[in-house]
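Order of writing sets the labels: A, B, C and D. Residues in every chain begin at 1.
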Amino acid sequence: MKAKIPVSVLGATGTVGQKFVRLLADHPWFEIAGLAASEQSAGKTYAEAVRWRESVPIPDAVAKMVVQRAAPPLPGRIVFSAIEAELAGAIEQAFAKAGAFVVTNTKTHRMDPDVPLLVPEVNPAHLRLLERQRKERGWPGGIVANPNCSTAGLVLALAPLHRAFKVEKLFVSTMQAISGAGYPGVASLDIVGNVIPYIGGEEEEKLERETQKILGELKGNAVTSASFPVSTHTSRVPVIDGHTETVSVGFARRVTPDEARAALEGFRAEGKVATLPSTPARPLEVDSRIDRPQPRLDIDRGNGMTVTVGRIRPCPVLDLRMVLLSHNTIRGAAGAAVQNGELLVVEGWLD
Amino acid sequence: MKAKIPVSVLGATGTVGQKFVRLLADHPWFEIAGLAASEQSAGKTYAEAVRWRESVPIPDAVAKMVVQRAAPPLPGRIVFSAIEAELAGAIEQAFAKAGAFVVTNTKTHRMDPDVPLLVPEVNPAHLRLLERQRKERGWPGGIVANPNCSTAGLVLALAPLHRAFKVEKLFVSTMQAISGAGYPGVASLDIVGNVIPYIGGEEEEKLERETQKILGELKGNAVTSASFPVSTHTSRVPVIDGHTETVSVGFARRVTPDEARAALEGFRAEGKVATLPSTPARPLEVDSRIDRPQPRLDIDRGNGMTVTVGRIRPCPVLDLRMVLLSHNTIRGAAGAAVQNGELLVVEGWLD
Amino acid sequence: MKAKIPVSVLGATGTVGQKFVRLLADHPWFEIAGLAASEQSAGKTYAEAVRWRESVPIPDAVAKMVVQRAAPPLPGRIVFSAIEAELAGAIEQAFAKAGAFVVTNTKTHRMDPDVPLLVPEVNPAHLRLLERQRKERGWPGGIVANPNCSTAGLVLALAPLHRAFKVEKLFVSTMQAISGAGYPGVASLDIVGNVIPYIGGEEEEKLERETQKILGELKGNAVTSASFPVSTHTSRVPVIDGHTETVSVGFARRVTPDEARAALEGFRAEGKVATLPSTPARPLEVDSRIDRPQPRLDIDRGNGMTVTVGRIRPCPVLDLRMVLLSHNTIRGAAGAAVQNGELLVVEGWLD
Amino acid sequence: MKAKIPVSVLGATGTVGQKFVRLLADHPWFEIAGLAASEQSAGKTYAEAVRWRESVPIPDAVAKMVVQRAAPPLPGRIVFSAIEAELAGAIEQAFAKAGAFVVTNTKTHRMDPDVPLLVPEVNPAHLRLLERQRKERGWPGGIVANPNCSTAGLVLALAPLHRAFKVEKLFVSTMQAISGAGYPGVASLDIVGNVIPYIGGEEEEKLERETQKILGELKGNAVTSASFPVSTHTSRVPVIDGHTETVSVGFARRVTPDEARAALEGFRAEGKVATLPSTPARPLEVDSRIDRPQPRLDIDRGNGMTVTVGRIRPCPVLDLRMVLLSHNTIRGAAGAAVQNGELLVVEGWLD
């Protein structure tokens, strides 16, 4: 039996940080060796520092660990980051410079031309940007990012359609869960019995440009973002976990619902990606029931890593309408980063 | 002081029926003279028959009225109908045949070519279909319909844009309140903390074809539906009252947000429609705050008859994106029908 | 027609402050002449300074008023206070010293032996403590308090029972609305689909001791708190407005539900209190329907000033069980204070 | 490896029936051999007949099983029943007469003097009533019941306190989840953003008398219900799963919070009950955090079989206040019945 790979977590006390702790606690390859958070938390045990909101107790081994300052070095060569965007630039770069691979859920570096923005089932080849990053920046480590929570589910559902039929136009209207805003996040007076047709932090812009980058083409050491226009509306609804997205897509040719369904159902992770512990057996499931997917019933498929697609039907304006659902704090955040960390391992970056 | 006009309500015990009772109780022109509901309710007082769900008590005068069977005659020449769709065909026609003007919220006759589908601020001229209806059907009365709850708000916001810039393509994704499904309607286990990406009863088809009919052109005695394609996604969210709709529109030419805002803000009811008690001072309000409109804060504008539009911005796929909100049981149901009844009065149909 | 009485509002930008602005905007006796809030707000217009959460727009006249610092002098002799508890001590006293009557919703001075803790229908005579307060403190003005939001409804329902049958033991378990915690207050991740069996700020202690003080006896210039023991459980539930309380009461003798109902239904405001604009025609309503009162249907009775009591039945442990509901930000906060201000007027304290 | 024991489920398509299917699908001792439901469902496969509302898919083996009529014989000697109360009398008796052990969650037979009303950790000896039942009724099988969902959690928390200090008075106010009402159950218009201070079906009476029976004393072949008075208030809140109860208890002598905590924390299942697969390692957990337990965070402890107690503190009227939480469809329904079935096995009733 191989020893586990030690990893650290930056921003470990926040909502995504807690999800990292939960997912890593039982991980077959990784074990938590270091935790870092803000100055106020540093020096306390994790149990003291965190306002734990998961529905299982803090893992025993982690509860007693002492939270450190968010500066290198931290134990292990992989550092999962859920640090605040305003601080992420300097801190994540410092870790990369110090030799760590920063696997980040934070937006700061996502659109850097030399940072891989990865969904392993979709664009694993983009990991090669890391070579350019190391060369240009001269770092012994590096930075790898996963997309925004609302982008993660969308690109998974689009990937097989884009490969088979070439996406030319895209409409998305989201209904996003409150956990996407962190804690305390959305005030209850704002969202109980209500809809807020706006998500702060340039959500719509992120959804547009990150989708284009992930579905973009790698040529040599550069990714050219896909050029199809993306129109997004992002709204907050009183749901705990699970982003629902209504989507209309136009393709290079007319595509029937049956063709689309076949492409979606046939989608599988390929090569080494299929062997990662966080890769679900089916990254996409199509549910043909008239009123699915629904967050309360469908987010836990594939341990929160499977995206569910439903209501596939023709679109009177573009070609195809559908609804998709993904778990925003797993597939859309911590789970995505853990899967990226696993990809770094199998691709030999830690050797 | 003129005597009030006696009116009756069909389907008076349901959710929309109750809203009729509430709106008519204080109406300056109308007074409730008759109430009808199902066989089980007939013979009981209204207070006994109804499971009253409004937040004000049953109006005293109405509470003691005896509920009648849903067959002519009922007092008054105007009969407001919130009767179930399966029963509405025969019953509403019987009333029209017996000389009543049936002002209905039910879908059954909406798409009949000789039935006016009216939003008074938008297409008052369509009322002329009533002449054809009476001629062809030989009825002394007639049937006038208002649109489906999700259509009502949409066509109001589209009307000034269509007039000014000609709509050519339309994409709508709705987030609809539970009151739209009546009572008991949506099970709480289905919607608490959840989104259902589907509304029964062909909601999407209704939203598409009713929008096209209302924005259609009256030539002679026929309405030609507008021909622009409409793509809809309709979802249910845990909101009590208020349908929120994210909308993208393509026009015959590029339209800027400023042009659109000017058209929306300049929109007013015209002619006699402006004098109706239910017509709000401003049928449309534009709210420029980044996170508005919101159901919990904005549905009561204009006593529930004003539609609020927000987040007007360019659309990368079509021309314009925006969000709109309307009160689904007032502007989208009972209030709409009451306003139609008022229009019949000022247009002299009761004389 | 008499000129209106100018008043000011302290803490005008918070949740209760906004409710003050809304209630005072249409008040028949008072008009807002000054607004004060924190240092960051001072100098801005009210519209700029406030994050307005009411469902009607900011009253025009108020929107343009410039917010001042929370220090005397402010216009008018009545100052309604919704200021934070930590600051209230010094600031409210400064205003009283400067000649103003501070009518406060803040907890700071409620239990001071020389401060009247008033519910006008219940203990108007306690206003006489103001004489002692002025004498002992040497202030030209004074401080008058209303109780905590969960206490207000409770003491109204208890008052007629205590008068008629003498309360000897009291159990209360509350289900409190999120608006009671102000804004941003309760995080949505904490309360959507959840119950929190705890309210911060010593809610249970306040509910116990304030109930005893209000139902206490005024002898000479002192109030002796009622001595019956009070046992409380306070919980937060995902309701916007309206505190529901399940109550069991033991009396000096066995009391039947019919006797209790008669006492509750017979309860009326007396003397000058009955003439106050904020005093509802019926401070208490008994609803005999098996599943009432409910926040969503019953909080607006008497413009939010009427408390609804239901489910009156025997108690196997004490004597009587019942459920009560009150509007926590009107009867339990701003409305209560406005009513206290009205009482000061009719009792001649401003002359 | 022993073959599994075949069991059947009555009322398999309802909310509790679905939970039975889910819990039995992975059970180490039992396997589902038969499913029965209403006449409309009989003859269909389970997948066709059920409106599945669990968040995991229907177990494959069960999905294809054909639903049978609810009449003997069904496969296996243990029949778990979640049948409607109106039908349960005749049907459950028919099964017992035909030789089956009916382990029922339905209320119909709970208070029969010869039917054990069991919570295995609390009153396993009551199972002996089965001997009397078989003798008096002459059945080869028998009926064993678990309590109502709100009683299950309460008696677990009371059991160690009653043993140690003797309960003399009890006050309970519940906040119950919507899943307790089955499907479709509570209308969303009734409960979104609301509290209903009433649960149908004589909930309060059941909670009172079942608590007394379970904590009653077995002498010879009869159980004498505990005689302490129980006062209950039962309310519905917008929570999916998990009943929260605020409790005040009076004892034969003054009991401190520390004494109570020690008794609660020391509570363990005894003898054979400790070996049952459904018995959690700790039937009770005490959580000392000020705002716990909370349904959303704490119901899954012990796979839904552990009851969490918090906020233990003195009571000014009786002796002790506390808050408890239990999973209403597991500990309060299907899980409780499965545990009772396990008890029948280890006690040799199937041999």
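FYI, a contact is a pair of C-beta atoms (placed from the backbone, for glycine too) under 8 Å apart; a residue touches a chain by one contact, two chains touch by 3 or more.
Because the structure is a prediction, the values reported are computed rather than measured.
Interface comparison, B-C versus A-C: the higher number of contacting C-beta pairs is recorded for A-C. Taking the CA centroid of chain C as reference, the farthest chain centroid is that of A. Centroids of chain C and chain D (each the mean of its C-alpha atoms) stand 42 Å apart. With centres set at the average Cα position, the gap from chain B to chain C is 40 Å.
Averaged Cα coordinates give chain A a centre that lies 48 Å from the centre of chain C. Touching of two or more other chains is recorded for residues 53, 190, 192-193, 238-240, 296-297 of chain D.
On the chain A side of its complex with chain D, the touching residues are 53-56, 192-193, 240, 296-300.
Interface residues of chain C facing chain D in the complex, by the touch rule stated above, are 169-171, 173, 175, 193-198, 208, 229-231, 233, 235, 237-240, 242, 244, 246, 248, 290-297, 310-311, 315-318, 321, 323. Partner chain C is touched in their complex by these residues of chain A: 15, 53, 178-179, 183-193, 238-240.
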